[in-house]
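Shared between the two complexes below is chain A, which has chain B as its partner in the first and chain C in the second.
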Partner chain A sequence: MWQKTKPYLLLLPAVGTIVLLFFGGLFDGLLKSLGYFPAIGETRFELTAYTDLLRSSEFWESLFLTLRVAALSSVIAGVLGAAVAISLYLLNESAKSGTTQVWHRLFQLPLTIPHLVGGYIIVLLFMQSGFLSKILATIGFIDEIPDFPVLVNDPFGWGIILTYAWKEAPFVSLMIYPVLSRIHRSWRDVSRVFGAGNWSFIREIVLPVMLPAWTIATFIVFVFTFSAFEVPFLLGVTYPSMLPVYSYQLYTSGTLADRPEALAVNILLAILTILLGLVVYYFSKRWNVLKGWD
Partner chain B sequence: MTKTRPFLKSILFTLLFILIGLPFIPLILSSVSFGWQWPNILPESFSFRAWEYVLLGSSGTWQAVSVSLLIAFIVTAVNILLAVPAANALVRYPLRGKWLLEAMLFAPIVIPPFVAVMGIHLTFLRLGLTETVFGVVLAHLSPTLPYMVRAVMISYNTLSIDWEDQARMLGAGSLSRFRHVVLPHLLPGIAAGASLSILISLSQYLITFIIGSGQVVTLPILLFPFISGGDPAIASAYSLLFAGIAILTLIGMDAALKKYYQNKKAGAENG
Partner chain C sequence: MSSLRIINIEKQYQQTQRKSDPAFSLQPVGLTINEGEFFSLLGPSGCGKTTLLKLVAGLLQADNGEIWVGDANITAVPPEDRRFAMVFQQSLLFPHMTVEDNVAFGLKMQKVGKKQRLADAREMLEHVGLKGFGLRFPDELSGGQQQRVALARALVANPQVLLMDEPFSALDPSLREEMRELLSRIQKQFRVTVLFVTHDREEAFQLSDRIGVMSEGTLLQVGKARDLYERPESRKVASFLGLKNSVEGIVAAGRFISADRSFDFPVEETIERGPCHLILRPEVVQLKILKEDPLEDSIQLSGVIQQLRFNYGFYTGTIQVGIYLLDCSFTSQQAEGLVVGQEIDVLVNKKDLWFVA
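Let's turn to the complex of A and B:
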């Protein structure tokens, strides 16, 4: 009996904590999004918050912006991360392993920078009177501040995209580097025997080998960007805003009537991220991406 | 090969400069600037005014740093206590509904935790948990615990039951088996999980703001008004301090672990 219940007892504290604080919170939010709130005398369930939301153009614009920003940041982070990982891999082939270690560590630096700080770094670099604009003006490329494009607090979301591309590129390279290091040294020699140069080796061997891991890593960045708050809050505009920011605006708008709508945005966001998460899980199992460094 | 190396190195140096070097230059310059007009590449004059304000003035920096670290360390300690038995059960016991238990534990990685926090906010308010460090600690648990469980699970995967059996045959009780056999093996995993847990807890803004209601002032809460349109010099100094604390915590963790193993090795050789 003890042997049978023991593992469940070992799991109880952790699972209990998550159930109480996390799923309890989700459930609490779900009830309130349906208008069930006994403390203010609301005990009926209704879908008004959801129908209002799905009818408002603000919600759809916010969803569209969120998808666009998440897609662009993950693709740019993916390309940058792949470039870093492939360069490091080729360097490792031709140099002592110690130097590659140092390079690797240096490239991981943005991962450890807190998001708000990452966002502020992008502000200082890319705002209209920022560092890049100053450099371009000094070399005579632009004449006035307005000549520099609006890339921070812009309606398209470039500031957010740049921040996540910068912060998540090391994550992508961290995820695909172990896959690359499994490419056997002899494959390189064989490819050279057949007359393949660096570029064709990368195109014919390196890229196909890393593709599954790269896709998963990029998609994880997509899901993460999709539900992030801090950076869009700092670098976005009030309208249209990304979904988490939109929910926060509704929640803190002051009128109690907006709160069920804010919580309804959250529930829809949670459902979307669960669906996206299942896609990642399915393909990573199917392609066996995570095998090897568990 | 000899031809490609300089070419490769120059690509890497360019990438390194654009991705790692360049972003920090304006941050550092701005933190020591005293007026920085467009289009000058360098500030007109330098001063440590911002650093003085941040480090010495009555700005509440050290208060915020200690509150942030206090929360991060309590959260991490609780995570270790919860995660070690849970990881043990998940890796080493046959379980019914294992996928469901794992899915529940790892759900906060996928579903953004602020959704749960906003949902539970009014309940916390009624229970008197808002505006307290304890409430913020509770709110930080769900975004961090999954990473700790994951990290400890990876360590348990490589720990053979045989080693514990050997210790048992030599007469070690369950407590000393855990202390001398299991714990040393789990330590790298615990350290990795702790680093992630500390890092995630330190950088939470929204969750802390909702539950702390502006009364629990951590570093991100203190930082935000400055970076969203305050004095750029002070904002830059705070940003550097914040990033520095995050990086130092990670390096410190790494160093402590290395020292632990060195002592162990030395102890084994001497004794």
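Let's turn to the complex of A and C:
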């Protein structure tokens, strides 16, 4: 009996902490978003924060910006990540030397850099007085520094998109690569004998095989970008801001009475993420593209 | 379709990191496979037969030599443009495609319209006995069915040459037999030129018009199954074809004398003098019936039965003659009166004696 329960008891402190901080925080946020806020004397449950939020144009603008930035970031990261993974796969197939390992490590490098540092690198590189604009001005590609397009702290969110595309592409390739490495080495021979060149092999075999993993990886990037805070805070504009930043602004700049609205933003973010997850799960099941493996 | 000519093709692999393992090299091979012929490369694992097959397919680059199909030199043509087809040891079907999409893959690469290629794929599936299986996925088929699909995929594109790399070796014996019959029937029906690689003598003998025996990167002998079996050109060929009865000796002064002198009999003048090996096929060693006088054209040997094994309707006996152990075949009737340890006399017709250097 003791032997059986021992592992669970040993795990209890870690599990307890996670449950308390994560689910506790989420539950506390849910209660406060519903107006239950004893600190300011509110003990009733009501949907005022949600209705106010859904009526405000700021929320909708923020939501659309968040969706746009998250969608573009994840698609660009997905495409880049897929290209990197396929290149590494083909490189590995053709070259047996240690060169592949060097490229592997090089492409994985962005994974080791924290998001905040990644965001700061984008600032230094892409702001109008940044490294890139100075180089372009020096070589005469642009007349002067202000001619460089506004890519950082811009209303469209290009700075945020660039950061996530750069930062998450290796993550996508890392998720796809093990799937690609399961592609039977002889399949390349089979396809060649039957008339498939490199591009046909990628289109007919590699892409369909990696699609499920790619979808999941891209969705993870989407969800992460959708609810991330630090990069939009650093590289975004004050208005419209992305939802996590909007929530932070409501939480810190307003009064205690604004906090239910700030927390309602977070709850809506969580609900939207869950709904999107269900949609992706539904499609990945329906495509059934993993059919036949193993 | 045209004949396939392999002209002095050779391949040297790079030295492995372990210096003790010598790098494998395929010695220059010259071979012509006629249109519609079923040709097998037979040899033990690692003898270079798959290397030769891959060189023909274009999956490996040859160091020297040429490959011709009819009047076209295809040595530098990439595999995707050779219009060959290949069946591998494993079926290697694409798991994300249905059976009919797998079969139609080659046609798709040849830009054949969807309707046409699927119709062709279904027709070919019918030929291999898989009518109605088109919409299944490969994991819903048995190993034998998967290999049938691989065969259909190879045949549907009407290849100039069909290459087969031990395609039935992963199947169980009864299924293997069934697949051989299917392949034999289909090959005759479609008149496709086949280059088949196997280490299974029985398989090669059953299917092939001609066989090339390979060993250690060298093509030792090419011929029809019976010629190879009855007239092997070397001990290696004889040994690989299961002819274990090899007696070392010398031909001198019109006689063959074994090293231990237990074999000593006159031979024809045409037999080359000098050291040689006598090869005796098991079925030519006949039990001498008591009081029967040996015929003039036979030699008589005396030995002791060391072993007697029942083997599919007949008996295989091992007889010790001098220092040599000879395998021979007895009918059940002959074997009835025999016991291990018994001294017996056997006869071999002189025309069945075969000497190799």
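Here, the second predicted complex is superposed on the first by the 257 of 294 C-alpha atoms of A that agree within 3 Å, B and C clash if a C-alpha of one lies under 4 Å from a C-alpha of the other, contacts with A are read in each partner's own complex, and residues count from 1 in each chain.
Definition applied: a contact is a pair of C-beta atoms (placed from the backbone, for glycine too) under 8 Å apart; a residue touches a chain by one contact, two chains touch by 3 or more.
This is a predicted model, so every value here is computed, not measured.
Participant: Just checking: does A:Pro110 make contact with chain B only, chain C only, both, or neither of them? Give me first, second, both or neither.
Facilitator: In the superposition, A:Pro110 contacts chain B only.
Participant: Can you tell me whether chain B or chain C touches more residues on chain A?
Facilitator: Larger number of chain A residues touched: B.
Participant: In the superposed arrangement, which partner chain does A:Gly254 touch: chain B (first), chain C (second), both, or neither?
Facilitator: neither
Participant: Where does A:Lys32 make contact in the superposed view: on chain B (first), on chain C (second), on both, or on neither?
Facilitator: A:Lys32 contacts chain B only, not chain C.
Participant: Have a look at where A:Gly41 lands relative to chain B and chain C in the superposition and call it first, second, both or neither.
Facilitator: In the superposition, A:Gly41 touches no partner, neither chain B nor chain C.
Participant: Go through the superposed model and pick first if A:Phe194 touches only chain B, second if only chain C, both, or neither.
Facilitator: second
Participant: Between chain B and chain C, which residues of chain A are contacted by each of them?
Facilitator: 294
Participant: Which of the residues in chain C end up touching chain A in this complex?
Facilitator: Against chain A, chain C makes touches at 54, 57-59, 78-86, 88, 90, 92, 94-97, 105-106, 108-110, 137-139, 153, 157, 163.
Participant: Of all residues in chain A, which touch chain B in the complex?
Facilitator: Within the complex, chain A contacts chain B at residues 6-8, 10-11, 13-15, 17-19, 21-30, 32, 39, 80, 83-84, 87-88, 90-91, 94-95, 103, 106-107, 109-110, 112-117, 119-125, 129-131, 133-135, 137-138, 145, 166, 169, 198, 223, 227-230, 233-234, 244, 247-248, 251, 262-263, 266-267, 269-270, 273-274, 276-277, 294.
Participant: For a test of understanding, state which residues of chain B touch chain A in their complex under the given definition.
Facilitator: The contact residues of chain B facing chain A are 1, 4-5, 8-9, 11-12, 15-16, 19-20, 22-27, 30, 38-41, 81-83, 85-86, 88-90, 92-93, 95, 101, 104-105, 107-108, 110-120, 122-123, 126, 138-139, 141-142, 145, 149, 154, 157, 199, 202-203, 205-206, 220, 223-224, 227-228, 232, 235-236, 239, 242-243, 246-247, 250.
Participant: Please give the residue numbers of chain A that touch chain C in the complex, ascending.
Facilitator: On the chain A side, the touching residues are 184, 186-187, 189-197, 200, 204-205, 208-209, 289-294.
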